Amino acid sequence: MENMYSLWASSGLAQIQLGQLVMMAVGLSLLFLAIRKGFEPLLLVPIGFGTILANIPGAGFDAAPVYDALGHMQSPGGLLYYIYHAGIETGLFPLIIFMGVGAMTDFGPLLANPKTLLLGAAAQVGIFTTVLGAVGLSYFGILDFSIRDAASIGIIGGADGPTAIFVTSKLSPDLLGPIAVAAYSYMALVPIIQPPIMRALTTPAERQIEMVQLRPVSKSERIVFPLTLLVLVALLLPDAAPLLGMFCFGNLMRECGVVNRLSDTTQNALINIVTIFLGLGVGSKMSAEKFLNPETMGILALGAVAFCIGTASGVLMAKLMNVVSTHKVNPLIGAAGVSAVPMAARVANKVGLESNPQNFLLMHAMGPNVAGVIGSAVAAGVMINLVGNM
Amino acid sequence: MEATLIDQGLDLMLFGMGTVFTFLTLLVGVTHLMSMVVNKIAPAEPDALAGALPLNTSGAAIDPRIAKVIQVAIDKHRAR
Amino acid sequence: MENMYSLWASSGLAQIQLGQLVMMAVGLSLLFLAIRKGFEPLLLVPIGFGTILANIPGAGFDAAPVYDALGHMQSPGGLLYYIYHAGIETGLFPLIIFMGVGAMTDFGPLLANPKTLLLGAAAQVGIFTTVLGAVGLSYFGILDFSIRDAASIGIIGGADGPTAIFVTSKLSPDLLGPIAVAAYSYMALVPIIQPPIMRALTTPAERQIEMVQLRPVSKSERIVFPLTLLVLVALLLPDAAPLLGMFCFGNLMRECGVVNRLSDTTQNALINIVTIFLGLGVGSKMSAEKFLNPETMGILALGAVAFCIGTASGVLMAKLMNVVSTHKVNPLIGAAGVSAVPMAARVANKVGLESNPQNFLLMHAMGPNVAGVIGSAVAAGVMINLVGNM
Amino acid sequence: MEATLIDQGLDLMLFGMGTVFTFLTLLVGVTHLMSMVVNKIAPAEPDALAGALPLNTSGAAIDPRIAKVIQVAIDKHRAR
Amino acid sequence: MENMYSLWASSGLAQIQLGQLVMMAVGLSLLFLAIRKGFEPLLLVPIGFGTILANIPGAGFDAAPVYDALGHMQSPGGLLYYIYHAGIETGLFPLIIFMGVGAMTDFGPLLANPKTLLLGAAAQVGIFTTVLGAVGLSYFGILDFSIRDAASIGIIGGADGPTAIFVTSKLSPDLLGPIAVAAYSYMALVPIIQPPIMRALTTPAERQIEMVQLRPVSKSERIVFPLTLLVLVALLLPDAAPLLGMFCFGNLMRECGVVNRLSDTTQNALINIVTIFLGLGVGSKMSAEKFLNPETMGILALGAVAFCIGTASGVLMAKLMNVVSTHKVNPLIGAAGVSAVPMAARVANKVGLESNPQNFLLMHAMGPNVAGVIGSAVAAGVMINLVGNM
Amino acid sequence: MEATLIDQGLDLMLFGMGTVFTFLTLLVGVTHLMSMVVNKIAPAEPDALAGALPLNTSGAAIDPRIAKVIQVAIDKHRAR
């Protein structure tokens, strides 16, 4: 009987709390969005599954190990505990992902047309206006965000998952779950969020602008660029160096042509392994008390606003550049400045083709698109620096 | 305290956007310069049109060119 | 001269003890079985090699690191020390292996014929009767096993290596070496152990039973099944959630179709890396004092008994199902319920073909075969729960 | 104490097998139900016969279909 | 204004010291050598990049994590900190690399002609004369090396990167940067350093010696050899067992034919991942105070001497063998005894072809080449043993 | 003290080289013996000429033999 009771008492049914049940439903919803709707499945499948695992009562996925006085392990920790503390709290996983993303990034279009970097800068306006929005909500007593929280929420507008995770795990780890989910969800929603804004801010004539073909870029330029970017970051903004340093390292491995086996592994086995564990580890922060509260609603709302403002800023910046410069830029590619590589560039291309079926913008949009990655990493560096000193 | 929070937010916005724009504007110039210098020092064989190179995100084990060769073999086989 | 002496004193010849020499021979025997006889080489090659390494006197493969009072490392630990404590003591390696096995498992045959799950349940009888055997040996003073030891020994009968390692590392880590070796050895011996039992318990007519072709299983069913299993485990038996959770996660990655790159890496690079280190780490527990004792003989004997009883139970359960149900089941596929995927299913197929050359049982046997994996993971969960409260 | 050990073993057997059977019997029912519901909601294109899909344990880098195409190419080469 | 100041104060320009600037130039030079000149790029690209990262002022790549009194992390450590302490200080990365190298090594040529092992022994003379050189420089007060430093410097002459890193991280971790750089640079310079020495020490007639074709080697010999070597190391020189044990393990996985999936992963994903992190971790030791000093010049000079003496010893040993034996050996293959696989063997082949266009020495030189790997691992074991007791 | 350093260096050289030579000389003998014993016990099918097997350092995903088959397919295609 005692055993019967022990089994029953330890069963999920006996222990489960409403919050956990709701979070398991949230996890299943994330899986549904990922699998059925194709929302960034590489991250949302592990995050969704991790959410369910973390909320199984009594399974101990998130339990810390217990040691006796002599330092011998008495009971091991849970899988998600180890993943979170080894890979996310330390910042290692986002940095390795950034190395992999660097190894998958082609800077060619950016090098052929460097001024598109400005579009990648403009789209980060979304980040900082969202910070203002978050502190505003706090000021009016509607929600309760510190300046560290506000900075982490703003970075959702950077449309770059690993950057958002890196910043949040440094500044306000308790918000990691909702912020990561918001970041990846909105990145997946780019094809829905962006087009109306793009159409609203441009005239049909502007959307038909054809851009001059990109010049060829030499192998040497491609090799020297990541080093140039690294040195500039090192001299001006060391707080952005972890993210951009690993990004440049990955890109150098890709372009230098002498370490292809390293570059291949970085782009495949290594980034895949880390992606799985990063996703599961983010899931471990999706507990009811951290997710089911008004702040999460606020984060989701602010994240959406950030995306919209970022998109608009990119488009408007492109229009401004056309006022100044003689080489006209199709303002649609400004929207790709939010990053969300390569989705945002594809959206720019698609909206462009609607107005002019001969106008292929994809490659032109890749420039601002990767510029957006640099831009949000720079923004991340500034935030970590300034907030750390506030 | 709460006024400070707003102030902090404004400061973040101001200095944040300022830095982002300054940095990327500088990078535009430096990149132009870098390309000029590099192409002067090493006037290189451009490896095809940059714009034509798609992002490799497939991670496929089989090279597309080899896949094409195999397709040719299939076509010939079927055409017999 | 002093140096000469130092070299001699530190040489293996000067330090070796008989036990170490015997264990090196044990390691070589495991390698022989793996390489020449094909006994589960993926695990037994690393375990055998790890056994030799762990028993080299003075090589320090198993040494703990030494730190000074300030926490600086004075001498690093040995490779096997780090592997064992990071991957096995924490339970991480068996769980990652289970994720990989999940990604390699096809639940199609099981979904087409769910009642074969009962065969996977029946075959676990071997586990629990062996527990009884172990406590019996202890009761009669023949050997000395605690209830924790008995539970770990019983799980050998689950015919599932990672499950056995996971349970043993939690309940009685000192027995890890012999139990892991027994588990993998008997899994390899399935083609020798099972057929006589299968023939003895069935009539020729029963062995000739042809089963109806399996119905097609839709992609949606394959995606929803691992989630269903996960939720059921979460609600009823959270102690089984670590193993089955990772198993379901691997399987979902496989079936969902949107994260193929993650699934591929899980099935290849990741599981291979972890398999190498898991094997070496198990080898680190193969020291003379832990292996060369009467208990090991007892473990090997009990393990064999567990396998035989499990096989018999599966066959008898299938015969019982035929009494009740109209859809006849070939009782040979009951033997596949022990798991040992896919070896046991192949054995069922082979013995079936002996009686009826047209009767291909392989796919029908895959149902109970993967059911056996679920069954032993459930048994593992119950044991960890009950023994932890005893 | 030793009697307790036997008792513990018997308890483990009883409750262990009980739980295993209960859980898997329940899973039979739930799986049937799941299949029914899923096939009603999404009456899907079955991806070929389930029974015909072998377990992928090879880990081979080359897809069997591609291997077959290559074999065809070899055969044609030899047949010349 | 305060923020302005914070940004400026934390910028690289405000903080950078001359030493860091010089080290960044050193990092760029290593990248130039690796990418443009093809100097061991698999290691020197990560080392060079790691050097730059480690010297970015304020980026904290090398920072230790900070914990509060309760053990909660207050600020995470830097990427290079974690890599160095987890992978290099513990010795894990060099050992895993050695496993990978073992899995890529073909002992066939060595087994066909075992006496070439003596050439691999002779070439290690370079190691020990360099030790003498280093203590000599210290004796005359020119530089300041301890016996531990001298041993680490000597091992550069072993022409084996992971061995040099393994020994140095145990004996004098502060010299890790310069020693690793010297080891890999000289390995890359083999085609320039060796030929003049080889020509100077041989007559044209000797260089034209054609060697008898190698006998076929059976699969069984290939399987038994790594085990034989392991047992011999275990009995005689346990201090060499970590390196040679992992080497033999990798080779056994390669040759046994039953764990090809493990062998493939070891040769590809695993060794690539570890190579990237090993290189970055070495870079973390390339700080100005540890690199920009007279000792580094001494290390580079002594390393070059070690290479030359090793090459010469190998050639002279081959000539000595020809005096004694009837089966003549082309003395050029003696130079391959330094290891630097497979570069040194290719150099022997190339110099041989100059004298006799029909004389293909490549396979004959592979024997001493892999013997050199064994030889320097043995030398490493002796040094760790003797120096540890001094 | 400094004399000791030289002494230590000499000791290292003496015992180090001694051990390396002793060990590898022993290994020559043991390897000969091993080959003899192994080939007596298992008089094996030699897997082609040892000397002809190059070191696999390419890490290529496509087997050279398959590459050759593909080349054949290309050649035939071109020859049409």
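Some observations on this one:
The chains carry the letters A, B, C, D, E and F, assigned in the order they are written, with residues numbered from 1 in each.
Convention: a contact is a pair of C-beta atoms (placed from the backbone, for glycine too) under 8 Å apart; a residue touches a chain by one contact, two chains touch by 3 or more.
These numbers were taken from a predicted model, which means no experiment stands behind them.
Traced through touching neighbours, the fewest hops from chain C to chain E number 1. For the pairs B-E and A-B, the larger set of C-beta contacts lies at A-B.
Our note on geometry: chain C versus chain D, Cα centroid distance of 17 Å, whole angstroms.
Chain B and chain F have CA centres that are 42 Å apart. Averaged C-alpha coordinates give centres for chain A and chain D that are 35 Å from one another. Within chain F, contacts with two or more other chains are made by residues 11, 15, 19, 59, 61, 70, 73, 76. For chain E, the set of residues that touch two or more other chains comprises 3, 7, 236-237, 261, 268-269, 382, 386.
Interface of chain D with chain C (complex): residues 2-3, 5-6, 8-13, 15-17, 19-21, 23-28, 30-32, 34-35, 38-39, 41-42, 44-57, 59. The part of chain C that touches chain F in the complex is made up of residues 3-4, 7. Remark: chain C residues 85, 89-92, 95, 169-170, 223, 227, 230-231, 233-239, 241-242, 245-246, 249, 252-253, 256-259, 261-262, 264-266, 268-270, 382, 385-386, 389 touch chain A in the complex.
Chain B contributes residues 11, 14-15, 19 to its touches with chain E in the complex. For chain C in complex with chain E, the touching residues are 3, 6-7, 10-13, 15-16, 24, 28, 31, 34-35, 38, 41-42, 45-46, 49, 52-53, 56-61, 65, 73, 75-79, 82, 268-269, 272-273, 275-276, 280.
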